[in-house]
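Worksheet for the structure shown next.
When the chains are written out, they are named A, B, C and D in that same order, and each has its own residue count from 1.
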Amino acid sequence: MAIFTTLDDLAQEIKDGTLIVLPPDYSNVPIAAVFALIRRRVKGLHLLFAPIGGIAGDLLIGAGCVKTLEAAAITMGEAGLAPRFSEAVQTNSIKIKDSTCPAIHTALQASEKGVPFMPLRGLIGSDVLNNRPDWQVITDPFDENHGPIVLLPAIQPDIALIHTRLADREGNVWIGKRRELVTMAHAAKTTFVTVEEIQEENLLEDERTATGTLPDMYIGAIARAKKGCWPLGLAGHYVPDGKAITEYVEAAKTQAGFEEWLEAHSVPQ
Amino acid sequence: MAIFTTLDDLAQEIKDGTLIVLPPDYSNVPIAAVFALIRRRVKGLHLLFAPIGGIAGDLLIGAGCVKTLEAAAITMGEAGLAPRFSEAVQTNSIKIKDSTCPAIHTALQASEKGVPFMPLRGLIGSDVLNNRPDWQVITDPFDENHGPIVLLPAIQPDIALIHTRLADREGNVWIGKRRELVTMAHAAKTTFVTVEEIQEENLLEDERTATGTLPDMYIGAIARAKKGCWPLGLAGHYVPDGKAITEYVEAAKTQAGFEEWLEAHSVPQ
Amino acid sequence: MNCNQEEFLICTIATLLESSQHVAVGMASPVPGSAALLAREETKGRIDGLRLSMIGGDANNPFTDGGRELFDCSGQGRFDTFFLGGVQIDGQANINLVGTGEYPAMERRFPGSFGSAYMYFVVPKVILFRPEHTRRVFVPEVDFISAPGTSEEGVYRPGGPHALVTELCLMIFDRKRKRFQLASVHPGHSVEEVLDNTGFEFDIPETVPETLGPTDHRLELLRTQISPKIAKTYPEFVARVFETAD
Amino acid sequence: MNCNQEEFLICTIATLLESSQHVAVGMASPVPGSAALLAREETKGRIDGLRLSMIGGDANNPFTDGGRELFDCSGQGRFDTFFLGGVQIDGQANINLVGTGEYPAMERRFPGSFGSAYMYFVVPKVILFRPEHTRRVFVPEVDFISAPGTSEEGVYRPGGPHALVTELCLMIFDRKRKRFQLASVHPGHSVEEVLDNTGFEFDIPETVPETLGPTDHRLELLRTQISPKIAKTYPEFVARVFETAD
């Protein structure tokens, strides 16, 4: 039931306060849509990364769009620490829900399955758990030794926001082997997608492409965005622009530098 | 770490009493391997279907290979009831663990995740639950109304046994969009595979095939078996042999008829 | 226009789907599948047009994440309508797909509960479809509850039985009162016949209408547009039922 | 043959992998990744040869089921060896990847715990790798426990810390005693230097050997066979570290 729209109209449909889930840096990050969200001055987002964020999170935090952030980490990789993220946490200007990679995968899987929680090993004795009053420790009812186990509540994002190479006219979306995008889309109420291309042939009709296709049942809106991951890469299509990312990290060390960089790059396309 | 072997040697590696998981009738059922198991007179199998069985289960039950059966249903589809299964249950000669489709998927997912259990909605008030002392009902700790929820213990099969069209020389196995095979393989300690063909090119090296490939990490043994699903079909390759299935159901109405049918069909290949 | 029993039942079910948004159809369900295809065809082009997801075969099968995806979607609330049957069905809408006699070594064993013990709880509108209308099927109390018709308070249960379609009649289930009510009787049959062949008690309103038969337009649509579509999944069913269309 | 610090550390870690069966390597881990590739090359062709799964990049990445597969496999017990680091590490082998100061508004914030709060519990042999050997890193008590080094009885914990590799030394962790023991000091460094730069207490045996440097054969293997493989995932690292190989 996907609606085909423009990038800025898609961003308009993402309301203030929405719980958005974004993919990790190595995979299909919709930076063009992030710029569109910043242009429309979205406020109070609850931003979840599945499970690690990078420049997408730093941009939205720097632009004042984020109220709450949940991630296992925010990193600019080789380029260093994420400057707007670090400052926002250090100044307590966003609420941070520190997590760990498998806990986020698990909470999304719980939503995907429509169950209220899922258990996960580990965690016990960590300050990650100690700072998550929403997580519960119970006695494992299947353990003869009555050991503890953590239960993680399901997280149902309002919107999963992703970029991919290709969609078809029916609204089916190619995701290839990036199956964390499948979990995100299944877990979320709906999925908004930016794409490089839209093709006429139905992706589900050829088993080779069907295998890596997210069916339109999960998709709410599709908009074209050429090089929609820039300055990040899109696997098999274009590589990350390391120079631009390094320049960003340098510029964004101050809020003024961040805003200058943003003005130069967040232009309507 | 797949070993390439023959069909009968693969069957020899499946010991008496093994917990085997088999796929549903519409997908990649390794009937040639089932015949090989019957030839080697395997005993005391714990047979799990993910989640529905058909002729594979009926054959193994009729041949006296099965001690315990767990499935959401055993059906011969249009051809009617499964005769050896029905009689075995009616005469109490196998132990039946009646389940329901999503409960089996969930218990396998729990094993895939390495967690001791997963919750599932529904079930409460059913005689499926009432006859499963291994399932537990707890008070949902996330429910403000303190409602009940069922916890299902993980099922870790010793061996997932499947048939697919193609493997490569590295031991990677093509499964296409039949992703229940992925869950089965991840959940099981190891996976034994019969295939129509083995190709030289690495399936993981092309993203189109990588997407539908089960990596060799999960694979224990691979053997060739041409038309390895017969009389069932292999999607996109050959269709079920409806006539043979109907003849089987007719013949297997008596144990004598079953054994006659088996002798005529379970020949070494 | 004359129609055969399957065509009549398909159209009766299609009418029940008029307010459905997303219908899921399980394995081995040619009549519900045809009804859903028909209802979809009739709402085609409308913004709130019916959406259909069928497992079993590749046609109209949108699933790409394995056998669990149908159930996961149901848990997520993506479907509002599903179909179930029963070897036995009782007056509380409990259904039995496992067998008759005492469990486990039953007198007559059937395939098993399939996904019913879950789907009946989570899909809002479950339509029970069981053509054979006899006291063998419609019993005072089922021998094995594959899935209960109703649940105690506190049990998570957004879903449950909505209607029962048989070869004789249409009943609607009242979840609060936990009872079926006769809604209409098919042409050529009577309330007495329904009473004689039903082993459980149910409510009978003062006047019981006759089930409306298919319009000529609908029958033509079914025979010309829907039968080739259902044939992709159920060729034998189409060959048997729609032979009049040749 | 002379070698640089990264080459030395790669070879030191490779030696620790000699009894490993299946090594998993996470994101942004060029030194552990190189060590694992080297150890695999050295056991190639043996039935019990080392197996390696790397995330980050497509090379040596066998995963086809999304981001959770690495963690699921770890939960299944398919890996026996993994690597973690730390902004701070203390004498109980607690690691901190989140930041320094009081949580949450810390003085200095780092990326976050990644998968450590899980992997440290479930992978049998976790090798801690942190080149910078200072009292800033090796503290009496970490400011935030991303993952604890040990757990109370009753907590499911097949995994945990095995060794710590720094620019100065190799320590081995004793899980029962919950303490590190100095195992060897790298050439050119001393026990005193390790003591001066470590903020936590640890055990020092009577004689502390010097860490064995790489053999010429191993160095050549690393520079000629391994560097092109690691370059597929970490081209900048290879360009910087293995320039001597040109």
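In this section, a contact is a pair of C-beta atoms (placed from the backbone, for glycine too) under 8 Å apart; a residue touches a chain by one contact, two chains touch by 3 or more.
Just so you know, these numbers come straight off a predicted model, no measurement behind them.
Chemist: Comparing the two chain pairs, does A-D have more C-beta contacts than A-C, or is it the other way round?
Modeler: So, comparing the two chain pairs, more contacts are at A-D.
Chemist: Which chain's C-alpha centroid is most distant from that of chain B?
Modeler: Of all chains, D has its centre farthest from that of chain B.
Chemist: So the centre of each chain is just the mean of its C-alpha atoms; given that, what is the distance between chain A and chain C in Å?
Modeler: Centre-to-centre distance between chain A and chain C: 40 Å.
Chemist: With chain centres defined as C-alpha means, what is the inter-centre distance between chain A and chain D in Å?
Modeler: So the centre of chain A lies 29 Å away from the centre of chain D.
Chemist: Give, as an integer number of Å, the spacing between the C-alpha centres of chain D and chain C.
Modeler: The separation of the two C-alpha centroids amounts to 59 Å.
Chemist: How far is the middle of chain A from the middle of chain B, if each middle is the mean of its Cα atoms, in Å?
Modeler: Computed value for the inter-centroid distance: 36 Å.
Chemist: Mark out which residues of chain D touch at least two other chains, giving numbers and ranges.
Modeler: Residues 64-65, 68, 75, 122 of chain D each touch two or more of the other chains.
Chemist: At which residue positions does chain A touch at least two other chains?
Modeler: Residue numbers touching two or more other chains: 106, 109, 113-115, 120-121, 143, 149, 177, 182, 210-212, 235.
Chemist: Return all touching chain pairs.
Modeler: Contact pairs between chains: A-B, A-C, A-D, B-C, B-D.
Chemist: Give every residue of chain C touching chain A within the complex, in rising order.
Modeler: 22, 51, 53, 62-65, 68-69, 72-78, 122
Chemist: Can you list the chain A residues touching chain D in their complex?
Modeler: Spelled out, the residues of chain A in touch with chain D are 24, 26-27, 50-52, 71-75, 77-78, 81-82, 85-86, 89-92, 96, 98-103, 105-106, 109, 120-131, 143, 145-149, 177-183, 235.
Chemist: How about chain B: which of its residues touch chain A in the complex?
Modeler: Going by the criterion above, the answer is residues 106, 109, 113-121, 136, 138, 140-143, 149, 151, 153, 176-177, 207-212, 235-236.
Chemist: Can you name the residues of chain A that touch chain C in the complex?
Modeler: 1, 111-115, 182, 186, 204, 210-217
Chemist: Give the list of chain D residues in touch with chain A in this complex.
Modeler: The contact residues of chain D facing chain A are 27-28, 56, 58, 64-68, 71, 75, 97-99, 103-122, 144-148, 151-152, 154-156, 236.
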